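Listed next: structures, encoded as structure tokens.
You will see chain A twice below: alongside chain B first, and alongside chain C after that.
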Partner chain A sequence: TTDGVGAASRGSPEATQDFDHLYNILFIGDSHVGKTSFLHRLHANTFNPHLIATVGLDYQVKNLIVDNKRFALRLWDSAGQERYRSITKQFFRKADGVVLMYDITSESSFSDVRYWLSCIQEGAEDGVTVLLLGNKTDCAAERRVPTEEGERLAKEHQLIFFECSAASGHNVSKSMVSLVRLLKVREDELKIKAREVSEPPQKKKGCC
Partner chain B sequence: QEYEEKTGPAHRPLSPKQNVRKNLDFEPLSTTALILEDRPANLPAKPAEEAQKHRQQYEEMVVQAKKRELKEAQKRKKQLEERCKLEDSIGNAVLTWNNEILPNWETMWCSRKVRELWWQGIPPSVRGKVWSLAIGNELNITHELYDICLARAKEKWRSLSTGGAEVECEDSGFSAADREASLELIKLDISRTFPNLCIFQQGGPYHDTLHSILGAYTCYRPDVGYVQGMSFIAAVLILNLDTADAFIAFSNLLNKPCQMAFFRVDHGLMLTYFAAFEVFFEENLPKLFAHFKKNNLTPDIYLIDWIFTLYSKSLPLDLACRVWDVFCRDGEEFLFRTALGILKLFEDILTKMDFIHIAQFLTKLPEDLPSEEFFMSIAAIQMQSRNKKWAQV
Partner chain C sequence: SIQHVYGAQHPPFDPLLHGSFTKPGSKPPTTPVKLKKVSTFQEFESNTSDAWDLGDDDDELLAIAAENLNTEVVMETAHKVIQNHSKLQEQHKFQEEHLKEEHVQEERLQEENRVESAELTSIVCSDNRLVKSVSEGHTSSPSDNASENSSMQRSQSLPQTSTPPLVSGTADYSTSVTPALTEREASRLDKFKQLLAGPNTNLEELRKLSWSGIPKRVRPIAWKLLSGYLPANVDRRESTLQRKRKEYFAFVEQYYDSRNDENHQDTYRQIHIDIPRMSPEVLRLQPKVTEIFERILFIWAIRHPASGYVQGMNDLVTPFFVVFICEYIEEEEMENFDVSTLPEEVLQNIEADSYWCMSKLLDGIQDNYTFAQPGIQKKVKMLEELVSRIDEQVHRHLDQHEVKYLQFAFRWMNNLLMREVPLRCTIRLWDTYQ
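Take a look at the complex of A and B:
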């Protein structure tokens, strides 16, 4: 666990009602960059090199405690193949956050990031929070995408950026925590805006 | 501490509290693990009354252990009998399929008797033959055509790996980049197909076979190409058929309207299938249907995975093969009937879950799915809605 972070126990389905905030997070990126492995690491804190290929969409729940707040994350794992993009697209709109992943050992997966960003722009809500992840830092010898290039791209598009490794666990929970913190900031901003618009202030629902 | 439960080499003394409990909630594994010993000589002997009480407790424990042993022996005997019976019935079924049905396929396959035997599951030794016959070969693909397609695929791989000039192919409408990506993707996906079986991975016995069939298909149907999910279908066929026959079955299977709609990601048609499915969903399981509606759980969320891989990814493989058996008999309708069977089987659990847990549950079904209950649940699904059959809806 990283600074102030703890994984809430995996309870029964009913227990997941015990959270302060709920976010839908969509995982996208080329096939085989490691989306499912990343989620597996996040969920089980192990690396499984023999994960089965994703077809369509997979779903996972992760409860995180960040800054003493309980977060329930609904994680949507999508199949990376081009053909599936028209299926994945309809889930962009439901996403509060998007994790866009590439593989630092594959130039093509990095150049496709721009394509994926255009998909986000097209399909997701304006101002959706995006986390750019360069996965497979454990394969340093085969690196084809320098860290600076990832940083530059992230800066250009105002994305959070991390390099990580689902195999070693490097930056896996750290990057998710950053995303969760930013999602929380955005939620708060939206709430304030909503309150300004609708006078008198509405009764808060569930949160805080 | 007079009673000792011997578990392996270690002697684990029971706590006194457990010892005096009338209703023993631990059951000794067997009578041989129970020994009544006197106190060691260096300690004062037990009072007669206590010794008597302990003897009585010891005897109770032995009686219970004996009862348990008897019960287990009976259970084992019954299991053995059931297994023998099952093996006998499979043996008989193999004979019936080989001697009666397969030689007279055209006249017999739709008879009531065959259909019933079919529902029980096709014995693995004749499964491939029955699938081949049932799927048919509308496309008239020959073994030679497979060889030609494979040769073309190999040529492409070679030119890709040497970075050579583009290979002229009939699929001029599709960009080279797309094709390359799809060939590259096949390579990556093969080792991610049934990784637990360890036979499709690099160096595994069926790695090259799977690679060849998928590669040959992209040359045979460049307009469809390789789509994720196909590797599972090809893998199941490879497990039951020789390579060229697996290719023929694969191509003909994918050519069926439902599979074509999905693998070409024809949204309009897919939505039509989902809508038809929902009609039967509401008819068969109105309560669960309402719960799904309330939670915004649309059928695409679970059907995509199930239909694309024909359940081979989400069901245990032996059950998936039995679903394939009946799918070969009844056609696409059975895929949707199976979906409803799954929903019915888990109706009680699902009605207590929220959106994400349902989605998670349905895309990763329990591995210990009970096969008989499962097929009974499918059998209970009526594929008739207001006197309309699947095809009409």
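Take a look at the complex of A and C:
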């Protein structure tokens, strides 16, 4: 594949142990925007229009090779309904990255993005990497949220932004790869910071 | 060899569990009995399908079990388990009496609401079985990553790939491979019929008899009685049905038009998008069925504002609807049956009965669905506690891998295991919840 991206082999049961980096990624957004379908596309590269509504949390692992590094992604699929938020909130803290999804054919799912951002701010680690996704680009005729609005919101909150389609596969892996690259950058930064803290820069120990 | 599973009340005899029962705190024995790896639910089911048509009382079951296992240990363990469960049940009953006073319950007609206590006990027991399959998976494959990987996929594809039609199959009680009832089945059916005939049905007796499965023909009436929807007195049943059905449709009349009002539209929208996203087992989700489910759930939701509609409740309508519709359909027809060919009045009765029975069920577990879902959190805690006691190894393993019980058991409790087992098994399981 292009861009140095590929799926890691999953031959042996230990395959998932063979990774260079492991990230927890939480999927949030209103009910019925396509979180589970997106994950299904990522996992099986097909579209299943008959997926059942998620209850509580679901979980799967995806291995990706990006830039010759092996990444294991723990993907947490959360239920969008309000009542479940007290349950799903408990998992925000664990997330290295958050995928916040809305449906470009639903204005309310887009206006709820601000609500979800406040949940992230409240529950997740500071500076957590967020990917904003506008799903269902295949339903162009029913579009209610212009691309520019998504872009503007992403810019305002410094989020990565893509429009995608779980149904067609458009931008599905591409957006995940961008997220993974950013997570890697952030991890490296944190490592450097941690090193600086544990080994404070040596001051000149002059003798005179 | 036969593997025994005795419904929700009696967990299977598992050498691992048994080991930790007799020596609490000690490590599970390096298994003397070879554990079969159970890789799919279908396999598990076929291994244990004999359980569904098994017999009458505990002693008989224990005797059968004893033939295959060391009699002494088995009997000792089994009695212990049964004792524990009845103790637990007493406790819950007691707690429930107290809780009841605090609960806002609209239906006070029933003499006692056993739903919750029975349900709790059943979860505890059925989890034994689930715990068992986890531990087997663990012993046979050192890494769980592969199964983690596929778990989501598998759970979602299960209902679609299960070929047997709805409620039927060899597993169902009254419909064995031979069309005629066996002598044993006929005698069980007779026992039920006698009990149901009245003049007053002894509910305790009925409940006891139902533990080992309710014959299909009497299941609708048995469920209606056990849930407290119908009175024990035969003469009052018909009038109660009439009254309750009328009452339900008065609700529909009163509330259903408000589904697009500003304060209800979110509820209705959520129900509306969830129903098509249900397991396709349900009569292929015909428009008529969708309509009925929407009405039932919407009416329930706005009459119970403390919880409202929560995803997963939609699943809970299904067993009632399917069981009640089976009164009117031969099950061979079930798979391709066009619901709209039934007379309107029949469908209305099924709808109202499903509504009331679901209400009875939900009344007992309403705190599963109120804010922060305390009922579920409590049950998941109980499960964790239980696993840590009976299978420390599994508990430690989960802990080591930072797997929280809430991650995998939330749905079990939220949907009463309906997403984990085929519908006909759920129906059989519910014989013991009522």
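As a convention for this text, the second predicted complex is superposed on the first by the 194 of 208 C-alpha atoms of A that agree within 3 Å, B and C clash if a C-alpha of one lies under 4 Å from a C-alpha of the other, contacts with A are read in each partner's own complex, and residues count from 1 in each chain.
Operating definition for what follows: a residue touches a chain if its C-beta (ideal position, glycine included) is under 8 Å from a C-beta of that chain, and two chains touch if they have at least 3 such contacts.
What you see is a predicted model, and the numbers here were worked out from it, not measured in a lab.
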item	value
Superposed partners chain B and chain C on chain A - clash or fit	clash
Contacts of A:43 with chain B and chain C, given as first, second, both or neither	second
First, second, both or neither for A:157, with chain B first and chain C second	neither
Touching partner for A:84 - first (chain B), second (chain C), both, neither	both
Touching partner for A:144 - first (chain B), second (chain C), both, neither	neither
Offending stretch of chain C which, after superposing on A, collides with chain B (from 4-12, 22-30, 94-102 or 328-336)	4-12
Common interface residues of chain A - those touching chain B in one complex and chain C in the other	13-14, 16, 31-32, 50-61, 79, 81, 83-84, 86-87
Complex contact set, residues of chain C against chain A	141-143, 145-146, 148-149, 151-153, 155-156, 159-160, 270, 273-274, 277-280, 307-308, 310-312, 369, 371-373, 376, 406-408, 410-411, 414-415, 419
For the chain A and chain C complex, residues of the former touching the latter	10, 13-17, 31-32, 39-40, 43-44, 50-61, 77, 79, 81, 83-84, 86-87, 90-91
Chain A residues touching chain B - in the complex, by the definition given at the top	13-14, 16, 31-32, 50-61, 74, 79-84, 86-87, 108
In the complex, chain B residues that touch chain A	178, 181, 185, 188-189, 192-196, 201, 225, 227-229, 231-232, 263, 265, 267, 300-301, 304-305, 308-309, 313, 352-357, 359-360, 363-364
